[in-house]
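Following are the structures in question.
The following pair of complexes shares a single chain, chain A, combined with chain B in the former and chain C in the latter.
Up next, the complex of A and B:
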């Protein structure tokens, strides 16, 4: 008998979305002085959620000035343990308001509530807790005695994990004694604006955190602002390159966390059932909107049929639909533009001769949706095996020997992450030493922890976020000769 | 693994060992993460109603105490036939599970109700007796009218690698238990690793078990969700390679409706609806039934009654 799950929607009532939002500058919400307001919509229904201000150059200037004042006047001089207290307080409020943040994140981003509730928000709180602990222990960060903050950090984050990326940026910056101006992505500004309220609630000194909303032009104004000491960016390699060009020749420091085309490598001695889960989690988690997504599956040829059969069967159980339904596994694509890109690259995959497969899957009428999709029969030279799709699309390739697996995995301009599935411990270590990827997961995928550094090789960017290493992005070496 | 290789794997200890150790390993972290994820499924309203009734119909209502008496068993049988006297729409349970000496009592009390009698046998729960005694125990229960036999494997033999001995015992008990259905208890709490659970599950299926069952209920931990996951994967893969479907019975420690529903969700998303019937999935439980009845009443009336409104047995 079929076991159909009745709708189990999380209530929206917990979150109070305002009709319009200003910019958060100097501890207060203020109107934008230039720029045209824009609307943010729910990608699962195309419903308008709120109107958001666009920060123009003069607004960005106000925000940077507020951050500078807070840096020189308060935050830069505050006893480190006191900075830690503020961060602990923020972490606790994020936990207390977790449901509100999760619902808002799912509404604005389209991701399933299960993910925002169980991954995004708890991990964001964990980041604040982790870096709160570092605030008064920076002498032990491996950067010599008394390392110094950089000053004002301009931070630009993507739309795939809005609150989590915010916490990856703000927590270490503040722990190290910097102040920040953060620009959330134009399609997902709402949790950052709610985070601004949390800063108020925590009595964070005005100007320590400033949130300016807007699209590419706002980001450009922030990057190019002469009084920004540090640029931290997570997003596409293309924009990352533009940022690197813009700050070349200036004293600004930068960390860039860019795209990826990770290989998830399954050996014949892998724990197959868990490997299949890992493949699913690697590429269909967050609709594949993950820079470290395992978008290339490399399967050893002698277990290809077994793995593919299991994978297809497993994809048949994925539940696509309303992001606020607690049983949804696959939510909406974040925007019409992203959906168009996923469609375009998938069509290219087909025209290049790869076989496309999706489980039977009904797509909702409104909103932006793309079914979980597999491509088999693609070559290493296919565009779908080379370019980042940033959607729920997996390209399946094969290999015969460990050497071939390494060669194929590394044969990409990117180098953000990789996964290795084998029960043989020595092979894991052998592989990890040869894969040119910032993160190598063994018998798991897409696991994040604030204590573990994350970042890329090659065109996936430079600098690390998370862990002790993540502090280096916001400190200059202290001690003699510094 | 192809169908053709299966009949040969039990020809000697070495082949059996090679086969069982050639099964894909189980990654503990991954299996437990998958079980935890499935536990977050939210089953509400109509689907909860369906799940509660389905769970009731899958219960092997169990009493396995030294203090069991014919009176206690008769009471349990009455409960099995009509779990909720106030609501005739309540389904009856699948079976009553007792020690061998009480089979006749149960059989008589259940009559033609359709509720089966299951008997634990083979020196349950430890299994520490000679094969002769185990077979006599089994035949005794079948002679008394048991429809189903729940046997235990020799965990000592399994853990020391004497797979063929375990295999041959199951085969012998299977023969002795005909025409009753045979459930093979792996006692996963004593097998310790998920790799062992998978191997023991395959071993039992190769020896022609009709059901594989997690636990006796006398050892902690008893049924856990990750163990169930591994066993479900085993019956799924076994059917894929042999065409024969084997049932699964978690037993011990499942006390709440929420727990039972989590088990059904796991069945649904691991092996699918073909296993979602009392023919292929059972709960070995004693107190679970009353919580299911309490939740069932709550769904029907909109409010909780309380333990005094559910009969003890």
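Up next, the complex of A and C:
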């Protein structure tokens, strides 16, 4: 029996959204000199939230110049401990303004407030806290004595975890002594622009962090700018390929955190209720807009019926709706374009012969919505089993033996993450050793921590974010001859 | 000439022990006069006794599971909070250090600043030390094998005699960063900054009993701590060199980890010595196989 819930909306009064935003360059908001302003909307209502500047090539050039000046003039020369103290300040202000950031994130992105409040924002603060401490400990990072920063980093982040991805990019870069030009996604620029204000409150020297808003062309201008030393990108494998091509033959370094099609593997000895919670969290967390989402469920054949029954029952209890409601489990799809892609791939799934199922689920009238969806009976090679849908769509496959589970799990060009559910510790480790993925979660899924390196094998990208390894992306060998 | 009516008499502080999160006097009822660099009277400090030392060990042991079990992230936040609260009392600490160490106001201020930054340095280590000294071990067999550092337990610390604040912070913060708890004997002749530090710790989210600060005669109290069976380690840093061998022998009874006496230049890079001294390495084996 479904429960009735009274609405429990988080107040948006805490957030003060400006009518329009400029670009954050050299410590100040400035008007764009070229480019056409665009609007950012709330995907749950299609309400226009603000008008945002589009940074054209000359704006990107100004931002890179500001970052270079800050690098050579201030940041690169600052005592490492003092760099760390700026990052601690930022971490504290993110903590202090956490609720404001969470509400703004849910408004602009469409994700449930429960997730922005309990995951995105606290983890972002923790990232700054963690890397703050590394700033004066780089000699211990395992990269040889006195490693040195790379210079100016151009960073491009996606719309699925706007503030969290910003923290993954900016915190290690700054701790290592680099300065940055960051481009948030065009559909979710607002928390990055609020972060610019946080940099001001922290008295961060002008130019250390620059935020340029815009879409693909702005990103391209940043990647191709000759004075950018390092490109860090999180997004689709397709764009990742284009970036890798664009920097070929240049001295630029890159880290790419790209797509995924993670297998979530459930053995017959797994605690089924716990596994079902993990499956739900794996694919329906953040509407499935997660590069490491457990979008391919691999169930051992003899527990298939039990798992599927339990899963269907659980999906019937998920609450879809207003992202600002504290009881909401599934929020809005981030954009009309993404919704179209999810719909298209789901239709392909059906036309390829898979069975589609969703619980009874009323979708709001306005905004972009897609119900939690299961596909069963799909072939290994069908598009819904191979391509990243990036939405609340789970494809269910089966296996008989551990060897078969490994073979099927690895049967993808991606290799970002994987999940294993079994009571047997030795099997977890045996599986972990054979899965070609950068993160393996055992009896849990979608866990993130600043101390824990994250990143992909194969076409899911290269380089790691988080942990000691995350520093390596922003440092080069020091010492004589460096 | 009578005092003008507007001038007021200052309210002086009673300097007490800091044990289990409270500020008791010594159960012995004893105090001793503390003087500044020129021999002028500053205050009567509590002269801790054997019983006070044993109470402090009990408090430290009681606090150990909670502190060791806190997440490294949480410990880092707490240590950083200590720095924040100290920063707010910068002037007070500078005055205490100037009086205790007989240095100029400028030197005192810079000493306090370094002490605050030292908390920040160790705050950053809480969630990194395992990544620097821990490791996966590629054993020749189908086993997962991981070594991780864990806190040693209760550490007795004989604080530096000369550097009353910076030296003190430099020996206490690494104990906390690693997840151990401690009983600290403050500098015998310069104990007052240590008592003020206790006041900071009491108001900065450091759980009661994680740090316990005793003032008194080092030579009298050190042997009780060195031989105490529920103390796992001892930092002889500020101990009397003539007593050091005897203390080390006592410490051997229950195989205490020992850092020997000697005061380095506290303003220099502390490195990992004092952090790793109070860490054990735990190695976990687990078979791999279907």
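Note that in this section the second predicted complex is superposed on the first by the 475 of 482 C-alpha atoms of A that agree within 3 Å, B and C clash if a C-alpha of one lies under 4 Å from a C-alpha of the other, contacts with A are read in each partner's own complex, and residues count from 1 in each chain.
Throughout what follows, a contact is a pair of C-beta atoms (placed from the backbone, for glycine too) under 8 Å apart; a residue touches a chain by one contact, two chains touch by 3 or more.
The shown structure was predicted, so the numbers you read here are calculated from the model rather than taken from an experiment.
Novice: State whether A:84 touches chain B only (first), chain C only (second), both chains, or neither.
Specialist: Only chain C is touched by A:84; chain B is not.
Novice: With the two complexes superposed on chain A, say which partner A:5 touches: chain B (first), chain C (second), both, or neither.
Specialist: Once the two structures are laid over each other on A, A:5 reaches chain B alone.
Novice: Between chain B (first) and chain C (second), which, if any, makes contact with A:238: first, second, both or neither?
Specialist: neither
Novice: Does the superposition put A:227 against chain B (first), chain C (second), both, or neither?
Specialist: Touch partners of A:227: none, neither chain B nor chain C.
Novice: Which of the two partners, first being chain B and second being chain C, lies in contact with A:426: first, second, both, or neither?
Specialist: After superposition on chain A, A:426 lies in contact with chain C alone.
Novice: Quick one: is A:114 in contact with chain B, with chain C, with both, or with neither? Answer first, second, both or neither.
Specialist: In the superposed model, A:114 contacts chain B only, not chain C.
Novice: Using the touch definition from the top, say if A:47 reaches chain B (first), chain C (second), both or neither.
Specialist: neither
Novice: By the touch definition above, which chain A residues appear in both interfaces, chain B in one complex and chain C in the other?
Specialist: On chain A, no residue contacts both chain B in one structure and chain C in the other.
Novice: Residue numbers of chain A touching chain B in their complex, please.
Specialist: It comes out as residues 1-8, 114, 118, 269-274, 277-278, 317, 326-327, 423, 443-444.
Novice: For the complex, which residues does chain A have touching chain C?
Specialist: Going by the criterion above, the answer is residues 81, 84-85, 88, 126, 129-130, 132-137, 140, 142, 402, 425-427, 429-430, 433, 450-451, 467-468.
Novice: Quick check on the complex: what are the chain B residues that touch chain A?
Specialist: On the chain B side, the touching residues are 24-27, 29-31, 33-34, 40-48, 50-51, 54, 233, 264-265, 268-269, 273, 276-277.
Novice: Of all residues in chain C, which touch chain A in the complex?
Specialist: 72-73, 76-77, 80, 117, 120-121, 123-128, 131-132, 142, 144, 272, 286-290
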